[in-house]
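Sharing a structure, written as structure tokens. Questions coming.
A, B, C and D are the chain letters, set down in written order, and residue numbers restart from 1 in every chain.
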Amino acid sequence: MSLLVLEGLSKQFGGLAAVNNCHLQVEAGQIHALIGPNGAGKTTLINLISGALPPTRGRIYFDGQEITSLPQHRRVRLGLARTFQITNLYKNYTVLENLELAVQARLGSSFRFWQPVSRERGLREEAEKVSELLGLSARNHTPVAQLSHGEQRQLEVGLALACQPKLLLLDEPMAGLGLEESERMVELIARLGQSLSILLIEHDMNAVFRLSARISVLVYGQVIASGPPEEIRANPEVHKAYLGDEGGAL
Amino acid sequence: MLRKGWLLLLLGLLLAFPPVASATGLEFYMGLLTKIMIFALAASSLNLILGYGGMVSFGHAAYFGVGAYTVAILTREGLTSAWVIWPVALALCALLAFLIGAISLRTRGVYFIMITLAFAQMIYFVVVSFKQYGGEDGLRARRPEFGLFELNDTTLYYLTLGVLAACLYGLYRLVGSRFGRVLQAIRENESRTAALGYPVYYFQLLAFVLAGTLAGLAGVLMAHYTQYASPNLLAWQQSGHLMMMVILGGVGQFWGGVLGAVVLSLVEEVLQDLTIHWQLGVGVILLLVVLFAPKGLAGLWRRRKGL
Amino acid sequence: MKKVLWLLVFLGLVGFSLAQPRSVKVGFVSTLSGGGAALGIDARDGFNLAVRLLNNQLGGLPVEVLIADDQQNPDVARQAVDRMLKRDRVDFLTGIIFSNILLAVGEAIFEEKVFYISLNAGPSEYAGERCSPYFFNAAWQNDNLHEAMGQYVQTRRFENVFLLAPNYPAGRDALTGFKRFYRGRVVAEVYHRLNQLDFSAEIAQIRAARPRAVYAFEPGAMGVNFIKQYAEAGLMREIPLFLPGFSADADVIRAVGRALVGVYNSSQWALELNNPVNQRFVEEFRKAYGRTPTLYASQGYDTALMLDAAIRAVGGDLSKKDELRKAFLAGFNSTRGPLKFNPNGYPIQNYYLRQVIQAPNGEIVNRLVGTIFTNHSDAYVSQCKLR
Amino acid sequence: MPPSLFLEQMLNGLQFGLMLFLLAAGLTLVFGIMDMINLAHGSLYMIGAYLTATLVGLTGVFWLAVVLAVLGTALIGMLLEVSILRQLYRRDHLSQVLATFALILILNEGVRLIWGSQPLLLSAPEGLSGPVEILPGLFYSAFRLTIIAVGLAVAVLLLLLVNHTRAGMWLRAGASNREMAQAMGVPIKPLFTLLFGVGAALCAVAGAFLGPILAVQVGMGESILILAFVVIVIGGIGSIKGALVGALLVGIVDTAGRAFLPLLLGQVASPEVASNLGPALASILIYLLMAVVLFFKPQGLFPART
């Protein structure tokens, strides 16, 4: 059984179908990339999978369980964590405070009203571990607003990571990164890919083909092709529908 | 947080005030302080959801008024024990806040402001439609019996002081706890907090209920103070008044609600003594605060101290 | 050290109060801001005028008048009254316009054994079983003007009438008062929400019901709105409108204008009441404020005269509460002529019929037409156990 | 119930709704486009009515007074925008609430200092006072008919302006996305000032035409402000069409509730209960309407922002 299965998933905004009868299977233990031109419905798909939006039609299965109508927080608890295309952090908090919130969410006992959270060692230690993994230890006490864009993108991934997910949904982690920062991000994702499953949305084709074991192509809200990178690279359908004349770039 | 030493000194002064007041003929100021402390509690409860939770409720007076009316109605119906009246009032306010919050929290921003106002207005009109409970005239609220002590102006002062101190300490612990941290995280970034796996709605609803209950407690004390429950306690102007206190004092600053209640009450008190056109003065002061102290008075204080 | 300091403060205060010449302090809590402010300001002006004409003395004692705004809010009023009782230690309180405000503070005042002389609010609560020896009313009992109008509509033999009032206790009491003396048929008794702006729905109902007469209790701004819209709808000529006096007094005439012409109204006071006190009041009021006084102003003026007479009667000794009460009950010489009181503190007086007319010089005035009741008492006095 | 009564009540609702629309239109534009909560909007309505009353006294001509008062109020509105409100655009909603509440207090006391506490006289023009027979047996106030005409004219004008002119396009762009409007090179600052002037002018129109049927007095703005907010929230903030629909809904529901609810209750309950409950339910009705609308459409009926 695949880790994540989408069956005929659709999402309508008014008359517009952002996602249209989409079928997708993501296997456990590998990096699966989702590519497609702008407006193909990739971010909407992430929103549907993570539970931020309810689908109009279709079903979602995760880890052998139907989650179509589960609220977002229950999905996170089952092991689905996401990042955002546009950096979405607690800007006024420090790196550690951001990560502590994520750790606390995973520990799942946030209805505690009395003990000062600032004295909770456990939270802090785990947050420090994640920060170290991200290579942000030196910035632990820096407010997020003062981080560089690259560091913010790393923390974006880190927050999802701290949820200890089974499947990580990465929404364009490379967006807006410079060459060197991109390289660091690719390394991070590759490292993460060794221990957990990832659904990666990315425009940086270089990174996509280096990282992923499997690629699906989304066009007008539908998956038109799915397969190993070589197969996708050679698929004429993909060239025509998505890559057009620039197909040579592959 | 103010330093512990200053707080203890302040508490000591407040504890010592009543005997001094009655010896020097200043009992009036004891009443004034009681009222200010009641408003400090109500404003602090609003600050919990407005400041820490980012939920701008424009219907907070509903709980304040329902708390007061519960006292008035129950004492009128012959119940005299505070040990019954208090729990009933608080439970009622909690239930009300739960129902209103459960529906209102579906909306965001200005729509949230207006739907909370709508519910408060409905409660207002329902309450004043009960002719047997005074309607627009309001209803006399007898002081209940505590058994341990007799409730008079002095004991009410101490009771209010005790309740306020306990609630403030509780709120202080709350905003520093895991729950309080999540509440503030939601205010800072709701979509991220949801993505981390927090059931945002339940956190907000719980805070909303808690704030409503505390406002109800303030309303109970208000009824003990004025021995009267008036529809004005429920009116939207009262909600606005509480909001003014919080904004003036400092939104999301721990002492914001208290500071706002103290300053606004004192300014009104002093200006009213000076001129009939005192509202002009209040208006000018509020405007100056907005223009020159963006984070309220508590923010101003912090900036001075370089914190 | 601290103790010594407080002792000094204490001694200072005691010494201060001993050194003061004997004087009288009057607390005047009234609605001076917001929608009802016009009423409170008129009453205050009348009160102040009387004090000034008495050379800033009441009963021979120098007087200090402390004025506070209740914002038409019971809680604010409560605070102001507390301040005057406990901080300023006033000898008398007065000024409240609205009954619901008075009901919120009354008990607290009576408990302190301070006399409250009402210059307007006359709730039935304080007229019957809950009457207090410390309560007097220099104006009326709330039902009185409505009773008078009910009586007049009855004597005119209108076979039916349409009644309108805001949905609050005073509104219901007013219509009850009207019905106490009107025996004909009530076509409809419509209650609308308090402080309503637009009366088109109610006016359409009146038009459809075709009553012979309309009686409306609409205090404050509601009265101005209703009368304007009633005239606007063209009903003034078709269905005669009857009002309590305060809805057709000088202030309402100023705001409504010619639309009011022809309206009958009932009042305990009228501009042209022929007695020297009233003539002096009207003349001096016009001179001082440049406008025609209303009945609120006359009530404020009378309240000061009432205090003056009673304080004079006890020789300025304000500690003799029983004798003060007797002096109040004995009455005084008011703008309405000699005025006496029932044991419940409410006045025994005449009620007049007035009509708004356009004088030959074009001015719109409220003219005295006749007397409806002579030496009328309120309906609750028998329930009061005070003697 | 006679059909003429029903028709008359519907006209009343329409008239009330159209006046609410005048107040709500400016409010919703200022709110939607500048993202500014202006509680002092009602004060401009009060100023408009006071200016009209004063100018009628001075000139003796109602229509001239209205025109002058509208211009005067627009000017005062723009002055307010330039001097104080402009500084609040970038501030959060709570600061705006506090500041504009302070403005209410200041303007109220200012008006009281200038004109006194007594309500002012403002009558309908001579030719329009009194009823006309619009259908056989149905008499209706000529002045209220005028109000309906003026309200409809302004509504149509505004809809045309917003939907079919360049300035209107800017406004709509601004309401749906401020940054985009700025990127299009729209001269934001003068546009905002002008817009504020238009909002103030609409308030003054409402004040001038409601003045003859309502009391012209201090505090008249606040009592109607809440209703205007209810209207724009029901309609969807930033949408002129929403404001119109919301205003008519509120006007008609409120009037119908007051007129018919007690009658309906009288059919099913005792007269005592009906006369107690009727007015209370009628008062609640518009708030219930708002709560229900928001429950099903949390962004109002016609959300301007997507």
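Just so we're on the same page, a residue touches a chain if its C-beta (ideal position, glycine included) is under 8 Å from a C-beta of that chain, and two chains touch if they have at least 3 such contacts.
Predicted, not measured: the structure shown is a model, and the values here were computed from it.
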item: Farthest-lying chain, centroid of Cα atoms versus that of chain D; value: A
item: Interchain centroid distance [CA atoms averaged], chain A/chain C, Å; value: 74
item: Distance from chain C to chain B - Cα centre to Cα centre, in angstrom; value: 35
item: Computed distance of Cα centres, chain D from chain B, in Å; value: 32
item: Multi-partner residues of chain C (at least 2 other chains); value: 32-33, 167, 193
item: Multi-chain contact residues (two or more partners), chain A; value: none
item: Where chain D touches two or more other chains, by residue; value: 112, 279-280, 283
item: Chains that touch, pairwise; value: A-B, B-C, B-D, C-D
item: Footprint of chain D on chain B - complex, ascending; value: 50, 56, 103, 106-108, 110-111, 114-115, 117-119, 121-122, 125-126, 128-129, 131, 236, 240, 243-244, 247-248, 251, 277, 279-280, 282-287, 289-291, 294
item: Residues on chain B engaged by chain A in the complex (per definition of touch); value: 173-174, 176-182, 185, 188-189, 191-200, 203, 206
item: In the complex with chain B, residue positions of chain C that touch it; value: 6, 9-10, 13, 32-33, 67-69, 73-75, 78-80, 82-83, 85-87, 99-100, 103-104, 107-108, 167-170, 172, 193-194
item: List of chain C residues in touch with chain D within their complex; value: 32-35, 37-38, 41, 167, 189-193, 195, 197-198, 200-202, 204-205, 207-208, 221, 224-225, 228-229, 231-234, 251, 254-259, 291
item: In the complex, chain B residues that touch chain C; value: 20, 23-29, 31-32, 35, 125, 128-129, 131, 134-138, 140, 222, 226-228, 230, 232-233, 269, 272, 276, 278-279
